[in-house]
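Have a look at these structures, which come just after this line.
One chain, subunit A, appears in both complexes that follow, with subunit B as partner in the first and subunit C in the second.
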Partner chain A sequence: MALSRKVGLLAGAKYKGGGPMLAWALHRISGLGIILFVTLHVIASFLTQQMGSDLGISINIFYESIYFQLFIVFCAIFHGVNGFRIIVLDIWPRLIRYQKESTWLEWFVILPLYLLTAFIMIRRFLAG
Partner chain B sequence: MRSRAMPKPSWNLEYLMWIFTRISGLSLILLAVLGISLGLLMGARTQMDMGTLMRWAFFPNSNHVLDSEIPDIFLWANGFWQIMQILVVVFAATHGFNGLRVVLEDYTSPGFWQAALRFLIFLLWVFSGLVAIYVILGS
Partner chain C sequence: MQVTLKIFRYNPEEDRKKHYDTFTLEAEPTDRVLDLLERIKGNQDGTLGFRRACAHGVCGSDAIRINGVNRLACKVLVQDLKTRQVVIEPILGLPVEKDLIVDMEPFFDHYRSVMPYFVNDDPPPAKERLQSPEERERFDDTTKCILCAACTTSCPSFWVNGKYVGPSAIVNAHRFIFDSRDQAAAERLEILNEQFGVYRCHTIFNCTDACPRDIQVTQAIGEIKKALAKGSLD
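And then the complex of A and B:
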């Protein structure tokens, strides 16, 4: 590999990548978040159904908590919408010129979808 | 400015997985939309809450809708949904494990440990796919 990629966290955060860089970072984080959730869910289901273990129930309580659920819903919605944006830009490469605008546009889709979902989830959580 | 000649793509793993990531991503969005729409048509609108329908959309397994008020599980557990589940699992597991490989290769340098981790991800991909199809056909 020709490029040296030894960039510290602070130097990376100072880099002015703007919207597209934020989308790239969040795409990576949300992808890893979905992998974490699916892995936990598979392990917990295996432990409770096949082993009858209490550990599975503990993992279940962790990922069914409202905080983790709000995180994972954001991951799923963001990864889906941003992935769709990437696919559209790859199919029509001329649109790359409007990459920055496309990241603004995607937030107009993600925020209403996520905030509405989060509102329903939090209202349900508060109602008990 | 003279424009560059378009490089001729060679069919290596990176290129194939680049294409596969796009195709599987679109397919997963389509499968989720199908899961939600068909679920609503099968009576989810009045018989289950949003969370249960979203669990169904994520993975259309009948265990995900057992604690709702649907009168008959037959509509939700049949060969059609088993095929849909296998499609979701194969696309999602390959998309996800390949994504994990890409992230891994960004933060490690080529060498023994990178090769070992890549092999571990490959083993996990094969194992999880086999287990998932076994669970789907058994439920």
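And then the complex of A and C:
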């Protein structure tokens, strides 16, 4: 009998697709990160305002922590810039042949933007 | 130089699971990976299963994963690998029948589903159906496909759901959709507008990188998406 066609997460992740495949994977991960943030925010607000529960405050403390905020800022910046890149390629398919270059270009936008934001956030955090 | 090949093995008559066998052999930098497989089969293990026919990048039968990426075994030289440790595995997303041989039938089913043939019900002219060089150029890139499946089996969307028609079928639809002499573009576009058509493509780009014919696969898919969105082929 033939082996199943199923491709496990590990086998798929080991495929050497390079920068564009990484961008695709990060787009999904950052999208999930944003959903997680919004969900936590809604749950925390509901629990605190409607039920006066301490759990809401705990969730609030978690997603407002510097670590989570640094993660979510990366998610938002990456998702936005990569999404813009995909929209541009969808509108002008002839540019798709420069997809690899466009992936490099987006990192030139994302990294300075993120590092600068992270720097300001960490400085404020350290200053208390 | 000495090269070590770690090869994916599965014999449906003996094995319940896959395993890997390692072979070491002498190779020239200009040997192709296919030459190494032939030599292993000839001198070390006659039971090794893999497909090949033309050995010159024309028939498309020897698409495999070489060091984690889809390639034709007959088009990759040892010197291109930049390592002496080579991992050889079957392409992903199709059932493995034996060693490096996969069942290509699901792939060809998708190919057949997009009407990959010329449709024109007008009575044939006395000579050929004429077309300007510009009209011919419009679909030139997608005429080059050799149906090797390297693109479709490099696509995470296809790995996740085998119902996705896949890049190769879309490339072959593109070849006729943008042919000025063909009359079935609307039908093909309708097929590709379905749930498992072009919108399963998330511009991951593995297909274009994997294509041994250097076809701009993702661009062809993008052009069809745009034609669907605009409702015209211009």
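Basically, the second predicted complex is superposed on the first by the 123 of 128 C-alpha atoms of A that agree within 3 Å, B and C clash if a C-alpha of one lies under 4 Å from a C-alpha of the other, contacts with A are read in each partner's own complex, and residues count from 1 in each chain.
Methods note: contacts are C-beta pairs under 8 Å (C-beta built on N, C-alpha and C of every residue); 3 or more make two chains touch, one makes a residue touch a chain.
These numbers come from a predicted model, not from an experiment.
When the two structures are aligned on the shared chain, A:Leu126 is found in touch with neither subunit B nor subunit C.
In the superposed model, A:Leu10 lies in contact with neither subunit B nor subunit C.
By the document's definition of touching, of the two partners only subunit C reaches A:Ile96; subunit B does not. Of the residues of subunit A, those at positions 1, 5, 86, 90 touch subunit B in one of the two structures and subunit C in the other.
Contact residues of subunit C toward subunit A in the complex are 10, 12, 18, 65, 67-69, 92-97, 103, 106, 154, 156, 159-160, 162, 202-206, 208-209, 216, 218-219, 222-223, 225-226. Across the interface of their complex, subunit C is touched by residues 1-5, 7, 11-12, 14-18, 20-21, 24, 86, 89-91, 93-94, 96-97, 99-100 of subunit A.
The touching residues of subunit B, when paired with subunit A in their complex, are 22, 25-26, 28-29, 32, 49-51, 54, 58, 92, 96, 99-100, 103, 106, 109-110, 128. For subunit A in complex with subunit B, the residues that touch the partner chain are 1, 5, 28, 31-32, 34-35, 38, 42, 73, 76, 80, 83-84, 86-87, 90, 117, 120-121, 124.
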